[in-house]
């Protein structure tokens, strides 16, 4: 994808606010083999969709955590967005209660694996103090 | 499942608040062939999980709409819970913005089908005035 | 796929026993545009996998109904295999109880849609007397 | 999402080539309730990702048809992209053979439903002459 | 979720019979961050749904193994329930034959990963003698 | 499944061409507990479906990579088939561009995990020289 410097700047700022990541970290994570995907993440997701104020950041993270826990096939991203949800003002018990709702609507295994992902995030944060 | 009259009463009240459905409607929908599933819905989901105040009702509906839109295989329930989200204070533009977030995290077809479900709910509500 | 007349004959007999379908019905359903898929269904599935006696036919249908109800994205095949499960000795209340187990392990929407599929099969059978 | 007129123009031209749709049709399909999603489809998908020449259009449509058939939960989009694949030079028998591969890697029900979607597209095209 | 001591007792007994787990193990697994989910598992699943005699325990485990193998996104729970199925009288070759049926209805990768999960359970049991 | 020596021979030759695996490797991978699944893979998939010339091998691998990346729940098989796609003439940048298309149609997490799988294959190949 062709890059747009204005959206890149907006996206880098937003992903910093939500996930505490820099653009360089995103580019390092995917960028050596897939620079276009780094552009997509930074400019389209964080520089585009996340710029809308129709949902506040906390709600946007709740939507993302719910979607990823229901799908149950993307644990690294689920952990990243649980951490982001905490950055945006979610409490730990809200994250866990999302998983109770997931138990009802996507089944107990999805909820158990969501709780396990949450616990790994909480433990990392506790270690980092 | 064995029924518990106290939870049934709590569940019937809660499903009325959230979805505007009566217990009799739930029992009619599934109850002739699957009375145990009606009990599960009323007593475990609405009389149990939904009783917790760790998430407010609006947030709980946002979680549910996000999960069902991401899974993309349960349109009748997605429509029911979009309607329930509106009952709990979500605006129509918040519902649509959830689908933008779904486009990013579960793909454009899931978002398109989520918007189509939302539109069918909005049209029904407009007709009913 | 290259056809094998011996497996075709075994498959046509088996699909008759399980689903009450003839080979011609299978070929009509998919065969005009996808004759290879009809061969696959008849020879590989019913003339191959279903020939093993490591699972009896009733158990095989229970596995199939559980898998399709959990996936939640293949209603026509779910209805076909619920009907096949009844042919193989499952009772209607066993089919419904499978859906209770699905509620726990794949979520309530999957169970509700599984019950709805079952009810449509039961109603068709009742009409046909 | 904020619109970018240059990408919109590129996207409208590309979606015309691939799917034979105009921008107005896309906006009508989703646009009254979700104009941001129309922008996303036209500018990000067709004006962004589809602009790369790292995959030719036929291959891009094969990827899309395979992904949607495997997921099995987005029939309207599967039909749209089967039609698009034919526009880009796929033959009908290539579409059907994709479904054989899907039978192996996502199961026979996904293949049967993919063939059914393909057949409905072929029949519509035959009627339109 | 509010706990019900009678259902808790029934659930602890049942999960012991099926999975060989104690209530304390379940609470340790999820309970420090998600005590409500431990309650859900013990009282709703094992103290509720599993109490019905409409399916025997072996069949209930076959349903669960089939559902989890088809979904393909919950390996820890698949391993737990394969082990539970063996406890309830399934043979190892029945477990493997379930995966052949999964190959047909959910695709070869789901079957391969199901066989791999089964093999890890069999090896653990062989080591434990 | 009953074995057919002719199809076995065709399948062993084909899986060698596509994946660089021998029949013995396939049998070792699944065969000790699931010899029937090894037969299925060799004779039905590679000795059956892959024998058709309606899709060339490169296209068949593209279909498989797209399907597995979209499903997002079968990383070992995704790695195997990315490697197979490279054997059949796909370039690394084509593999990565498939993941861009997956970002659009199955969401960014599926694309990120697909890129990560691709990178692990590329790194292994670079090490092996």
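Which chain is which? They are A, B, C, D, E and F, in the order written, and residues in each are numbered from 1.
Here is the rule we use: contacts are C-beta pairs under 8 Å (C-beta built on N, C-alpha and C of every residue); 3 or more make two chains touch, one makes a residue touch a chain.
Predicted model only: the values in this text are computed from it and were never measured.
A.B. asks: Determine, among A-D, B-D or A-C, the equivalent of interface B-C; equivalence here requires over half of the contact pairs to be the same by residue number.
C.D. replies: B-D
A.B. asks: Regarding the subunit C and subunit E pair, does the interface count as same (over half of residue numbers shared) or different (under half shared)?
C.D. replies: same
A.B. asks: Per the centroid of Cα atoms for each chain, what is the distance between subunit E and subunit F, given in Å?
C.D. replies: Centre separation, subunit E to subunit F: 30 Å.
A.B. asks: Hey, how far is the Cα centre of subunit D from the one of subunit F, in Å?
C.D. replies: Roughly 24 Å separates the two chain centres.
A.B. asks: Indicate the whole-number Å distance between the mean C-alpha point of subunit C and the mean C-alpha point of subunit F.
C.D. replies: 28
A.B. asks: I need the residues of subunit F touching at least two other chains; which ones are they?
C.D. replies: Those would be 1, 36, 40, 44-45, 49, 52, 68, 71-73, 77, 96-97, 100, 103-106, 108-110.
A.B. asks: Could you please specify the touching residues of subunit F with respect to subunit D in the complex?
C.D. replies: Spelled out, the residues of subunit F in touch with subunit D are 44-45, 49, 52, 54-55, 59-60, 62-64, 66-71, 77, 93-94, 96-98, 100-106.
A.B. asks: Please give the residue numbers of subunit A that touch subunit F in the complex, ascending.
C.D. replies: Against subunit F, subunit A makes touches at 1, 29-30, 32-34, 36-37, 40-41, 45, 68, 71-74, 76-77.
A.B. asks: How about subunit B: which of its residues touch subunit E in the complex?
C.D. replies: Touch list, subunit B to subunit E: 1-2, 4, 36, 40, 44, 48-49, 51-52.
A.B. asks: For a test of understanding, state which residues of subunit A touch subunit E in their complex under the given definition.
C.D. replies: 71-73, 92, 96-97, 99-100, 103, 108-113, 115-116, 118-119, 122
A.B. asks: How about subunit F: which of its residues touch subunit B in the complex?
C.D. replies: For this pair, the touching residues of subunit F are 103-110.
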